[in-house]
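What follows is a pair of complexes built around chain A, which joins chain B in one and chain C in the other.
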Partner chain A sequence: MRVGNYELKLEKRLTLTNWEAAIISILAIIFALALFSFIFTLAKINPLLAYQEIFSYAFANPYGLPLTINRFIFLLLCTSAFIIPFRAGLWNIGMTGQLYAGALGTFAVLFAFGGNVPGSADLSPEILIPLMLVVAALGGAVLAAIAGFLKGKFNVNEIVVTMMLNFIAFWLVAQMIKEGGPFKAPGGEGQSFVVSPSVYAPLIMNVPFTIFLALGAAVLLSFLFARTKIGYQIKAHGHNPAAARYAGISTFKIPLLVFIMGGALAGLAGYHYFAAVPGVYKISSNYGYFGDLAFYGIICGLISLGDPLVAIPVTLLFGGLSVGGRFVQGKLHMGFGVDYALLGVLMIALVAFQFFYRYKIVRVSAGEERLDVGVHS
Partner chain B sequence: MQKGLLEGIKRGETALEARGITKRFPGVVANDHIDFEIRAGEIHAILGENGAGKTTLMNILFGLLQPDEGEICIGGKSVKFRSPLDAIDLGIGMVHQNRKLVPAHTVIENIILGHPRAGRILNLKRAGEEIQELCERYGFKIDLGAKVWQLSEGEKQVVEILKALYRGAKILILDEPTSALAPPETKKLLASIETMAGDELAVVPFITHKLPVVLAISDRVTVLRRGKVTARLETEHATEKSLAKQMVGREVIFRIERTKVEKGKPILQVEDLSALSDKGFLALKGVSFSIREGEIFGIAGISGNGQHELAEVLAGLRKPEGGKVILEGKDITHSSSLERWQMGVGYIPAERVEVGSIADFSLVENVTMNFYFDDNFSRRGIVDYRKIRKLTKEIVSEYSVAAPSPDTKAKNLSGGNLQRLILARVLSRRPRLVIANLPTQGLDVGATEFVQNKLIEAKKEKAGVLLISEDLDEVLSLSDWVAPLYEGKFMGIIPGEETRRESVGAMMAGTSLMEQEI
Partner chain C sequence: MWEFIARSLEASMIFTFAGLGELIDQRSGVLNVGIEGLMLFGATLGFIAALSTENYWLGLLVGIAIGGLLGLLHGFFSITLGVDQVVSGMGIWILGFGLTTYIGNPYTGPLGMERIPTYLGLSPFFYVGIALVVIAWFVLSKTSLGLRIRSVGENPSVAEVSGLNVNKTRYLCVTIGGMLMGLAGAIYSLYYNPVWNYNFLMGWGFIALALVFFSMWNPLILLGGSLLFGTLWQLSLNPQLVLPGVLSRYIWRTVPFVITIGALLIMSTRWFRIRWGAARPEALGTPYVKE
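== the complex of A and B ==
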């Protein structure tokens, strides 16, 4: 392309610094917001006003900010659950099912201690909260392990297995909370019994303690991949399974392990959303909405290029926009799902801009180099 | 694009001329003002080591890359290729070293694939007759109805050549035409090439290391070194030594003296070992041999006769069907590959890119492949990357791996440098048993010499070396024992000093030692 006396040309990048990657991502976000402003304009809404509403509600509003943070914790756990298998070259599409399994584990612990009957049991948080966490992680891990085992042992496609397990887990939850199911709320319709206030997750400045689990897991994973033997084996398997096998890395153990680890984190996301978020404390009848939200773990994981630390700002942004988008839709009386539409545009922009991770635009003086084609005599 | 520039061209006329071809990649000038011309009816070899710029030049001639400077003239007219399609239309045919065929299709389907006349309705019968005619004219024997996956490497190459000829190629570029062929196949191919030249085709083989081939068939030679033309001469004025010197830039010793090392206790004993191939048939049919300290045991043979399976079974990457593997007195038949690494087996795989290295990993991370499990380099689950980095720097300089830094990704290394890295990584573990599968395949003269010397060094350090090679001269000059492998069986095990080239060559093709004596 020619611009005045200069010609723009694409050139392959040999290296990409973290700064360059960050700048490219920020440009992608600005681009996505600019693109989406057309949609606001079409709906006869001033885009600047809309964005101001979205961001101020999501990040500066006393009602919006806690919602954002809770979604952020949820998304970060789901993203880590995606990233671990992803680094081993495997696709976990089953965070949804795994978080359901985690939720079921959580409520199974409460059920076992009589927590389903309101006010009848004196539940001790010191024992029950750790137990709920462990069983939730175990639930997610066991469900995901099925996919890891089948992949490692028989090379069954893990995408299909995790996807199908999502349906199984979805209906399992439905079965447990419906009329006659053990977790059904007494007298309630299509939702589980409510968590007893004595075992509410501790809040720190109104934020569930699970934020430390999510952030801690991201930091630990980053260390795992950078320094440890197991992290090295996972990465080697991810880049080239044949070479990993050559180097003595088990192509059975690695798939199994990464799915167990990922499933455990997704299970914790289930604990977080259904037993730790103020105002929820139950498996509500619209639990499928949070299951769908878990799919953003895939998107965030891909945008972060599998880096657990990069996933932190990415999931914060996605969590905030999903909250702010939903809010602005109601406030400005818009007739469509602004939250998901906005996330969709953002996601496409971020992925498309990753082109610039590999190429850069350089300027050369016109005439210096030209690529014309055809036969000259 | 103007077609038919080469129609009616006569023997001796210039078919293609390259003037001042220059191509720069970041940090390297791959082609630096290259000039040469190719005449109709001549066999014009382009010779150069890995990294000399051959591949770049080939890709430019075929329209896969555009030169930064310079021009290409065909039939006297300057042309620019937007894509290989332009090059094909102008009469350039290319036979790649990595075959670009559809394995599940038949020979004839592959040949007509992409042919403009194939159009939407396939007239297989007519095409078959025409292709048959081409086969007869140039002496190719091939079953047009066979599926490509059933063919040998040599036959696949024939399919590629036929494909180019059927598209009407007047200039045929061959990338390493004889590298995967057995001696009899090579002979046939060379005869066909000569017939083609007789038909006023220009044949341009690009060759890395098979100097005898160049001398045997070519009319003229252009030698490249570091992106520049270093020699341009009539083949009759060239010798193997003079060509090698032009390629490498120094004198090269061709014959390696077999080093005598005092042999010690047995390192490896293999008893009646058999294994299945990936496709499920018995590829290795009961071989027995042993290797002692300070011995190189050479397995000669064309790939696909069970070498790959043997190497993988010994490395612990493939389960044997039967038999025993004993390493220094311990039965390791059922040990995992990790256990074998730790017990002193060092495996240098033939597939350097697919198996032997991880393209997106840095050199340090690639070296880690053989050290992450080593207690000296990882403690309590934490890998000591600083120590591995130091080791990487040491071995990179000791093995002269040309790389800007230890953080360079393996995919940026040339084939020869990658092999040096793999060799460095495996041999620096000081393995008791070295399994080297096709260690010098595709390497240039300089790197080949280096790899061979390193294997001899391992032998001197009292390791046992299993050398698997298609290069008969290499096996004969390095090995203390030579065992030609044919269809999964040894045709004999002969002491290195007593081998005769012809006899081993016949055994590679399936004649056992006993049959020869009769």
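== the complex of A and C ==
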């Protein structure tokens, strides 16, 4: 393509610097938001006004900001759960099921200690909260381990398996909280009993302590990938499983391990949303919505290019977008599902921009002889 | 009992259409994990078109058309742009899941049109589905077009050298495959369960994907698998027909998914692959870059 004296050419990238990757990701998000303006325009809403509402509610509103922070914690855990297998070249799209398993683990602990009977003897938070965390992580890890085991041992497609496990976990939650289920609220309609106030998660400036778990996990993972042998093995498996095997890396243990680690973090996300967020403290009847939100983890993980530290600002932004999207839907009288539509548009824009991770547009002045043409084909 | 059998056969056809689309994609070497997204689009837009024009034909056509367009989009991403096929498929699935939730929401509820007429107790989709399976089997294994598709899926560079246009063949397959997936969605929302609800598919597309792996890329085996899973799905909705009072209805809903995992496990074992010589297209999932 010619523009004035210059010619625009596509060139294959040999390397991708962090700056280039960041710029591509930011452009992808801006492109998606621009694309999404059409949806606002179709609903006869000024897109600029809508985005102003979304961002000011999500990041500057006394009601919106805590929602954003809670969603950020949840998304960061889900994104880390996606990233760990992703670095090993595997797809975990089962965060939904794993967080359900974590939630079931959490409520199983409460149930075992009689927390389902309102006004029962005070539960001791020093024992129960750590126990809930451990069992929640264990629940997610066990569910994910099925996919990791089958992948490592028999090379069963992990995308299909994790998705099947999502549906299995979805119905298992229904089994536990709906009619006749042991976790059902006394007299309640299709939701779980409420967490006893004595074991509410501690809040630090109104933010659940789970924020430290999420941030700590991201930092630890970053260290794991950059500095440790196991991190190196995970990355080697991601680049080329066959070559990794020749290098003595177990193609059974790595898939199993990354899924266990990812599942544990997703399980903690389940603890966070159903037992630590002020105002929730139960598995609500619309728990499917929280499961759907976990799919933002795929987008955040891809945009961060699998870097757990980059995922921190990305999940904060996306947490805010999803909270704000739900808010403008009500405020501007739009149909249900604005946050879902935003999810879809962001994802497809990101896919289109994947191209630029591999190619770049270069500008050469017309007529100038290029000596390196053809060298890197 | 007949009602149950008929219903199972109708459910099977949805798996058949979607799976056949995916099978054609994969035979040409393109993996599309976004079947569920294409089905959601076909189902939702087909439902809206039929509802607003009171015309089933238009609904089905819209379903086929949007499926074809999204198939083309997947082709553009994965063939022309060379994006990882799994990433592109995931993108189309999440796009479908997200956007149809918003688009379809004002139309939540039953379709409320007279049912599509049946012949000998079964909808026309059943007969069309069987015919398509036979045609696909014949085309893929007995014609030069089928040979072209298979060679592009097995070894694209050799195919290109022998004068075939790899990208054109793959585009053809992803478009036809997408149309079949869109149609599968439209059949679901216009005939099988004519009520629009958010994310109503609940895994049909992903089971269809598993069925293709299970079929060893043979349309006839795919049909067998679809019949099995259609019946299984119907059974999971009505467990009282076989085992009244055993397990709750929620546990029954997990059964098709558990069996899908089991089936995939069996076909992934070394024993199975040696015994049946699973014919996975060699170039499946790898973009073809002309040298």
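Note that the second predicted complex is superposed on the first by the 365 of 377 C-alpha atoms of A that agree within 3 Å, B and C clash if a C-alpha of one lies under 4 Å from a C-alpha of the other, contacts with A are read in each partner's own complex, and residues count from 1 in each chain.
Criterion: a residue touches a chain if its C-beta (ideal position, glycine included) is under 8 Å from a C-beta of that chain, and two chains touch if they have at least 3 such contacts.
Note that this is a predicted model, so its numbers are computed, not measured.
Of the two partner chains placed around the shared chain by superposition, neither chain B nor chain C is touched by A:81.
Touch criterion met: A:243 reaches chain B, while chain C stays clear of it.
Of the two partner chains placed by superposition, only chain C is touched by A:342; chain B is not.
Looking at the shared chain after the overlay, A:174 reaches chain C, while chain B stays out of its contact range. By the touch criterion stated above, A:164 is placed in contact with chain C alone, chain B being left untouched.
After overlaying the two complexes on the shared chain, residue contacts for A:233 are found with chain B alone; chain C is out of touch. Applying the stated contact rule after C-alpha superposition, one finds that A:201 touches neither chain B nor chain C. Which of chain B and chain C touches more residues of chain A: that partner is C. Put simply, chain A uses residues 377 to touch chain B in one complex and chain C in the other. Put simply, chain A touches chain B in their complex at residues 12, 14, 227-230, 232-233, 235-236, 239-240, 242-250, 369, 371-377. Across the interface of their complex, chain A is touched by residues 33, 77, 81-84, 86-88, 90-92, 94-99, 101-103, 105-106, 198-199, 202-203, 206-207, 209-210, 213, 248, 250-251, 253-254, 257-258, 260-261, 264-265, 268-269, 291 of chain C. Those residues of chain B whose C-beta lies close enough to touch chain A in the complex are 1-2, 26-27, 66, 68, 77-82, 86, 315, 317, 336-341, 347, 349, 351, 354-361, 365, 368-370, 372-373, 378, 381-383, 385.
Partner chain C is touched in their complex by these residues of chain A: 39, 91, 93, 146, 150, 154-157, 159-161, 163-168, 171-172, 174-175, 178, 180, 288, 292, 295, 298-299, 302, 335-338, 340-345, 347-348, 350-352, 354-355, 358, 377.
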